[in-house]
Each structure stands twice: as structure tokens, then as C-alpha cells.
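Chain IDs A, B, C and D follow the sequence of writing; residue 1 opens each chain.
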Amino acid sequence: MIKGNQVIIPTPFNEQGEIDERSLINLLDHVMNLGTEGVITLGTTGEFYALTNAEKKRIIDIASERLKGRASLTVGASHSGTDIAAELAAYASEKGADAVLVTPPYYGQVTTEGMIQHFATIGLIGNIDLMIYDGGGGVEVPVGVIDQVRQLTTRMRYLKLTTPKPSKVREIHEAFGGEVGVLAGEDLLIMPELIEGAIGLTTAAGNLRADVLTNIFQLVQEKRYQEAQVLHDRHIAPQAIVTGSIRNEFIQCFKFALKEMGVIACDKVRLPLTPLSEARKQNLKQMLINQQLISAAEGSLV
Amino acid sequence: MIKGNQVIIPTPFNEQGEIDERSLINLLDHVMNLGTEGVITLGTTGEFYALTNAEKKRIIDIASERLKGRASLTVGASHSGTDIAAELAAYASEKGADAVLVTPPYYGQVTTEGMIQHFATIGLIGNIDLMIYDGGGGVEVPVGVIDQVRQLTTRMRYLKLTTPKPSKVREIHEAFGGEVGVLAGEDLLIMPELIEGAIGLTTAAGNLRADVLTNIFQLVQEKRYQEAQVLHDRHIAPQAIVTGSIRNEFIQCFKFALKEMGVIACDKVRLPLTPLSEARKQNLKQMLINQQLISAAEGSLV
Amino acid sequence: MIKGNQVIIPTPFNEQGEIDERSLINLLDHVMNLGTEGVITLGTTGEFYALTNAEKKRIIDIASERLKGRASLTVGASHSGTDIAAELAAYASEKGADAVLVTPPYYGQVTTEGMIQHFATIGLIGNIDLMIYDGGGGVEVPVGVIDQVRQLTTRMRYLKLTTPKPSKVREIHEAFGGEVGVLAGEDLLIMPELIEGAIGLTTAAGNLRADVLTNIFQLVQEKRYQEAQVLHDRHIAPQAIVTGSIRNEFIQCFKFALKEMGVIACDKVRLPLTPLSEARKQNLKQMLINQQLISAAEGSLV
Amino acid sequence: MIKGNQVIIPTPFNEQGEIDERSLINLLDHVMNLGTEGVITLGTTGEFYALTNAEKKRIIDIASERLKGRASLTVGASHSGTDIAAELAAYASEKGADAVLVTPPYYGQVTTEGMIQHFATIGLIGNIDLMIYDGGGGVEVPVGVIDQVRQLTTRMRYLKLTTPKPSKVREIHEAFGGEVGVLAGEDLLIMPELIEGAIGLTTAAGNLRADVLTNIFQLVQEKRYQEAQVLHDRHIAPQAIVTGSIRNEFIQCFKFALKEMGVIACDKVRLPLTPLSEARKQNLKQMLINQQLISAAEGSLV
């Protein structure tokens, strides 16, 4: 079952832009060592849209083997073509993944009926739960769509919420009870979504701070909101604001930070993503120093 | 060189949703018999986003062989990952295609610099011209982007215009002279874009009416606007309005019409597209009868 | 009761940009002479967003007096501030208007709850029915919102549908029966929306062709679809495609056409609208000649 | 001249939704006592779109009188109708305001030419500088538009940047030198925009923390980035993340916080804005306590 603190990891590349498997394994170990309950690969943060099918399968192979028994594995299986997404979901199922994370179809203008069929077709594949990515590709998933998908497949079990509507946590709970678990999915909205009753977190913030997020999650479960808020304001807000406020740079931010922290070897991204400006790197590095995630000596190099 | 009347064809499937190669060949012959100067495969109309890489290559093989020497071939090579798009462009180049049609990257929010690098990287591949798809995936391509792409590759030669701004035809001409040819790309805006000086047409309307479009194009070149308008209002407006006004149904409309006309065997689309409603089919069929594209007897079956 | 053929009229200005009351009266007479059952003022076509409150009231005064007993009057009462919209609705009610047409609030990002309260507050004002403008300001109104508005006010009676989803006509009918009448509201989608069961038309197309639209509407009611389609393809498609395909120019198109036809004195629009290009005027004029709405002699002046 | 720390204030209402003039004066004094260099009224934060013209003028009267000689005054003069916006700008000019803040026209789809004429017409009014609101109403203002507006009026002097592209600060500087000053305008992006060279701040964050923002601004001018970042991460990030991440609730957040802090009497907003949920209030209150902006005793009431 998917719950608690789930971390969405990037896909590390080497300088040539090829998948750096050693860095990937290192990154998996890093987030597990920080105490995460699950890992999500091939999400937006994983640059899924810029990977070939063969590369996606290789990443599933590596992650499923490395995490086996230590943490849950959720695999991004988003694609604008339903069958192509379903085929990847089947592969993830075969390899023992726990769930697939799926955005609405993102090319062109899709009808409500098309969105429902898309999710349901993928949900009916193999032996694997479906996590709908609300807000993925910029498209909100209405509660009515979730309802209809559930009538077509019992595998629809989770919602990653990134649409900026924390009240949707409660709305989903009122509609489906424990049958659909909502996971806070937007780094900038962790606290309001947890307070509204999210059953877990699916964030990129965990790449740097999975330990703090586990504590925050636990404190909120115990209704110790004030303590959770203090931890959040001290450690998560400064990070989330610099990594999360510019949507088309957050992947670069996490790669840069993980490289500075020595977790991955290289902060390369694939086109159409482009590197951070020097000003942005400076801003990010100063936050990492303030947070003692890197030492000032490293920071002084900038 | 790409100019004149270019038709964007759908990808015919059989009832099982597999590519129907015989219908594809039939469709290629049909549009060539109607007197088109070029064919575009793997565009949005071709459901490119729902085809595997192997299927795309197979379609390129068939089209390049069938059209050889009879009409130009433009191949859609859009993808959210730049390298994946470039790899397909290289394949199209190898097979002798004349140009690739490329939308802006369509997953997530892309920076201007990312869009420029995306187009330029594809334009530098192989021995094939680049046609930028302005408005593809809903994203307008600014004139400044085209300018910068041109500084990176001499292969940037064409713009398919679907953004509803016919004045952009003139704007592009003023900026780049004959170096960048604008092709009218939106079925609902054929006349205003031609009057503004488009060097050709890239439409799906040609699947049904390539002969009329060739005439209209010729009349506009001779500045016989009034005659062109009469032809347009009689034959193109009634078609374009029913097929083109609902963006997420136009592919289904063309497949349905081509099936009714006996050109392809089946009007199947792939998910996330869903079939037309009966009311829409009726509306479409009545237009086809009015236009004498099918006989009333066929229409009376509805 | 609002039904049948309703025409949305522009607001005529003189060369100085002031309201031209004589042209307004002429225009009201013109559409009534063409046999329309109702008139809508202060819609988007009426440039409501660029009129002062005093001007809006003056237009209501003139229209209510001129139409009295001859046609229904619907008044646009859209505004981003709920109270300001409600105040205008109260005025329209006082002056005997039959309904108010209201878009969702259009400045900023509005919550679902905010949209519901907005409509309900206006619906509770005075003694006047509410027509929700689905798609107004580019925002779709979900069926669930209509349901909740209806629980707050019995005055919610009509939906002007411009979102390109003709199937919504049926969806609304299934949800609310005869309690909420859907009016086809998009010039490019008249036939599919009527076939789906719209109880009337609210179009700008009627400014030029109210007589034909009345016939089409009647034929569809008698299920004589084929005849309706022939009329549509001959007279409405050529007009709608040239006036309706470029969203930010349709007001200018109708003013230009009405001026050419001698109905209003001047085609002036207020900023931020800007005049049509010469190419667009030419395109429009040729359609008017083809349609015999103006004589070729007038057209030859271009 | 507009520069340094500028605060965008809300419009205080009483329980009946009328303007609370005493609270407004209190709020003006509060932000000046915190050391702000200027105040912006009638921005989005001021709910300008829900105020009558008479109310707007009254607010200008009060603010211009209260601030006289103590701080600069910028007045929001946004409206979808150009002439109506210009008329308010003229009033602000008469009353001695220093600048007007203007969004692109926000109803309907506006052409580039329309946007240019809109800004230029307002800029030519009276004796008052023009601050273009980039990103206002969700619309980005291209650099080319600014260039053309400048050719029509010398009054175009400032850009409030809210589009999430800090690099635009540099881009504008490279294009226009000191002729156009960019002010950081998005609470979540204060640091990256300042590091890129913004000449000042126009934020709502200053309502709570104008003193800290003045310090941050000063430190960045002295290139003491690390110290600025520490202050930001400690005091601004926790506030900005809770108030700024949900776009359609930030006005409510500031009103609630200012009420809790005793600056204004009531946190009433006008429809279509709706009140915060209890969960959101709790989240906000805990941040205020952590920041020692209110005492824990007040917080414990929740």
C-alpha cells in the first residue's frame, strides 16, 4: 500500500546525457537512508517524456531490484496514447511495482470520456494499483471522472494532488471514504494538504529532506500541528520556495542540489529543459548552505 | 520544395486498432488523384502521439515509397523529448522525406530557450527541411523564436500556421522574405491566410476536397479573390465548419467521412480519442450529401 | 420566456466612439424586422466590458422601450465583481427585461464556490430570470455548479452554451429536464447544438441572417434536418466561418457588415479592440456579396 | 520615482462589505511605520475589480492625502475597457499619485496591437508614470510590446514582474537600460528577482513584513546575498508559501493576518472571493505565531 512519505526522484544522466545507473542506485539508497516509505520513478521530475521506452524499462528494472522489500515502488506511466501507457504499466506490474502514476492525456484537447477511458484502460492492466496524477500536464481531474473510473476498475486507489486546492483532499474523502487515498503532491502546499487529511506525501522535496518530511507527516497524524509547522517553516519552506516556484526549472534545481550534496555525479538534463542561470544556482546554493545541506566552503565557490 | 496544396492525412486503423496498410495506401492514392502537391503524415490528424516508434517508421516507409516522385512528403516528428523527435527526423531524412513538421515541446511548461534548442536540434539532423508547427499543442511560436532557430540552422524553412492570426503570414514575410514560407494550416482560416500571402496549404480539408483547394489556391495566386471566395463558401465552409469547430473531434470526422466515401475501411481511432455521437455523425453525413461527396441513399441509412 | 431565435447585438458607436442611439434603434428594428423572437444587449458582442455603468443603463432604457411587446429582451450583466453585476441586473429587472445573461467572474482565478455564489446572488436580485453564459470569458460552467445555483435560486432558467461541447445540451436536459433551457450560443456550432435539442439560438449571426436562422430553427423542430442543413451550409456556414473563426475580431466583423448593409452608421469599436485589416475586410465583403447581403457594386469599392 | 520597498495593500471592508475608512488609514500608517517607501492601492490585492468607480476615487483621495510626502503612491487603474482605465488614471494624476499600475486588458482575447494601444492610451493621460503589470490577469507582456508602448509615450517607466521568469529582469534592463525599472512583483520569487537586478519590490508580503523586506532589499544592493537569503528563508519564505501558493486565496490570507495582527478590523472580502476554510486559517495562524507576528495566546483560540 502506498502511504506516508513517498519521494519522486529525478533520472540522473551523465555528461553525455545517458542514464547514469550508478548515480541512480546511489539516489535510491540516499532517499531510503533518509527514511522514505516509497519511491516514485518516471514522474515529471524523472523527465519521463524525454526517455525512450527501453530506457524507461531499464529504470524500472533497476529501481524494482534495488527497493525490493525496503520501500514501495510507484512507476510513472504517463503518455498521450492510452495503449502505450498501458503497455508500460503492464511491464511495471510484471516487475513487481506497487502502483502506476498516470497524468491525464496531455497532447491536444481531450474529452471527459476520453480521460475516463484512458485511466480505466490502464487501471485494468496487470496486477497493479492506479494513482491518478491530478494536475499532471496542467489538467485537473474532476471528482466525477474519478467516480466513473472507479466504476470501470477497482484498481483506482490513489490521487496525487497538485492542483492548488487543498480542500479537494476532503472532497475526495467525502466521496470515496478510504477507497481513494489522497497524497499531497505539490511541494508548496504540503502543510495545507496534510492538515486536510492527506494519507501521505509524493514530493520531490524529499530528495533533499525526506527525514524532515517523515517527521512532519508523523506530527500531523498526531495532530501536533504547531510543531509540524515549525519544522516546515524552518526546513521545507525555504527549499520549496526556491525549487518549486518556477515550474519549468524545478527538475534542474533538484539535480543541481543532489549533485552539490554528492548524491549524483552530474546535473545534466535533457532538452527541451535548459540549465539554470548562474543567479538561480547562487540562490539555490545559499539556501542549501543555510539549511546545512552543504557546507559554506562548497558554497563559497560560487 | 513544399508549397501549394498539401494534405495532412489520418492514420487508418482496422477494427482491432492496428494500422491498416491497405487503407493507408488507398488514402495516399486518393489524395494524389485529387491533385495534391504533397502529403503530410504523422501530424496531429495522424494521431502521432498514440503510435509507437516502430509504427511511425512503418508509416514513413509506406508513404515514402508510394509518393516517390509524385508528391512531396512531410513527416510529423513532434515529441516532448528533443532527442526522440530528432531521431525520427533522421529516419525520415534517410527515407527521402522532404521536410519534418514539428510542434513546440508539449509536456509541461517549456522556456523560450528550450523551444529554440528543441527546433534547432531537430533542424540540424540529417538532410531535411524543418517546418515549425505554430499553434501545435496549443502553443504559439513567437517570431523571435523563428529568428533564433534560423541563426542555428539553415534548415528552418517553413511555418505551418494554425494560431488564429492571419496577419502573421505577412509578419513572417516581412521578417524573413522568401526564406520562410508560411503555409495556411487551419481549415477554418484558409481564405484569410491565403489572401495574406500564404505559399501553400497544409490542411485536413484536402482529404475530402483537395481538388477544390487546388483551384482556390490557384485563383488566389491570380488575385481572382471573388471566384476563390465563391468556391470556398460553396465547398469548403460547410465542410470546415462541421469538421473543424470541435477541436477534439476533427480526426474522427475525417475518418468517418473517408470511410463513408469508401476511401478507408474503418473509422476507428485510438484512445484517448472516442467515437463521434450519433448526432454528430448525422450532421456530418448531411453535409457530405449536400456536397455530393456521398449519395443521399447512403445518407438515408442514418 | 426566452426561446427560439435570439440575436446578440453590438453597441453602435459614432466616429467619436460615443453611443450612436439612432443606429442602435435602427439595429433593433432591423433584427426585429428579420423576425427574431428576442434581442440580447450588453453581451460580449455589445462590448459591455468597455461601457460605463451610465452607458449600460442608457442602452437598457432604449432597448426595453423599443422592443416592448415585440420581442423578449435579455441584458448582459457580467462583471468580475458580484455586487456590481447584481446592481445592473436589478436595473434591468426594473425596466422590464426578461432575463440577464451572466458570464463567470472573469478577473483572476475564481473558486467553484465563488462562481456559485456569484450566479446565485445575481439570480436572487429583482424579478428577472438568469441565463448563465457557459464559456463566457473562456470559462466553462460545470453541470454541478448549475445544480448548486438552482438550489439557491429558482431564477436560474437558461444556459447560453459556447463551450464547444454540443453533447452538453443533452447532458443539461438529462439533469434538469425542462427547468433549464439550453440555447445554442456559438455561431460555428449552430447545427450540432440544435440537433442535440437546444431550445433556441443566441447568436450574433442573426444580425445578418435572423430570417434564415428562424427557418433553420423551425425545420429542426420538425426534424427536417436535411433541409435545415442545406440552408445552413448555403447561408450560415460561409458567414460564420469568416466572422467567427478569429475570436478577437468577430465584433469588428459584425459592425463592418452592418455598416456595409446600411443598418448602422459607423463600424467604430472601442479599445482594446482594433480595426480589421484590409485583407480581412476584403474577405468579409466578398462573403457579403456572395450572400447577396450587399450588391457587387458596393463590394467593388474595395 | 518608484523604487525600493513598495507594498500593495488590500481594501479593508466592514462586516457589511463597505469600505472601512478607519481601517484603511490604519493600514496605510502601519505599512509606513514599518518603513515602506511606497504604497500601491487598487491592485488585485485591493480587489479593484469589485469596487465601483466612486469607491475607487474615494480610496485614491484617502491614500493620497495620508501618504503625502511620506511615501510614493501608485494607483491600480486596470480595466478591460481602455477609456475607463484612462479616466481613472487621469483622476489619480490630479490627486498627485506618482504612478498607475495597469494589467493587460483581461476580458476576452486581446490582440498585441490592442494591448499596445491600451497601455499607450493610459500612459498619455495626465501627468503620471505608467507601471505595466506583467502577468496581471494571467497575461504575460512581451518585451516587444513594452518597446512599442515606449515609442508612443515617454511615461512608460516601470514593470511589475509577476510572470515566473526572473531572467526577464535582466532582459528588460538589456533592452531599455535605466529607462524601464523592473520591480519584483511575486511574493514567491523575491530573491531570484532581486538577485537579477530588480530596482524594487511591489509585494503584498510587505503588509506583514515590510521591515524585513527593506533590509533584504538593502543587503542585496550591497551584494550581501548570503545574509539576505538567511533573512528571507527565516521570515519571508514561511509567510509567502502559505499566503502565495493558492492564487485565489491570497487576498483573504492578508486580510485575515492583518486582522489577527490588529491592523484592520475585519477580514471581509467581496464576492466572488469566498472566506478561507478553517484548516487554512489554522495553517496561517501557526505561521503567524512562529513568526511572532501574533502571540501564541491569540493562536490558541483556533
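Following the convention adopted for this analysis, a residue touches a chain if its C-beta (ideal position, glycine included) is under 8 Å from a C-beta of that chain, and two chains touch if they have at least 3 such contacts.
Remember, it's a predicted structure, so these values are computed and weren't measured experimentally.
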| item | value |
| --- | --- |
| Chain separated most widely from chain A, comparing mean CA positions | C |
| Interface sides of chain C and chain D: same vs different residues, half threshold | same |
| Cα-centroid distance, chain C relative to chain D, in whole angstrom | 36 |
| Separation of mean Cα positions, chain D and chain A [Å, integer] | 33 |
| In chain B, residues with contacts to at least two other chains | 111, 165, 247 |
| Contact footprint of chain C on chain D as seen in their complex | 17, 44, 47, 49-53, 80-84, 105-111, 113-115, 117-118, 121, 137-138, 247-248, 270-274 |
| Residues of chain D touching chain A in the complex | 164-167, 186, 188-189, 191-192, 195-196, 225-226, 229-230, 232-233, 237-238, 240-242, 245-247, 277, 279-280, 282-283, 286-287, 289-291, 299 |
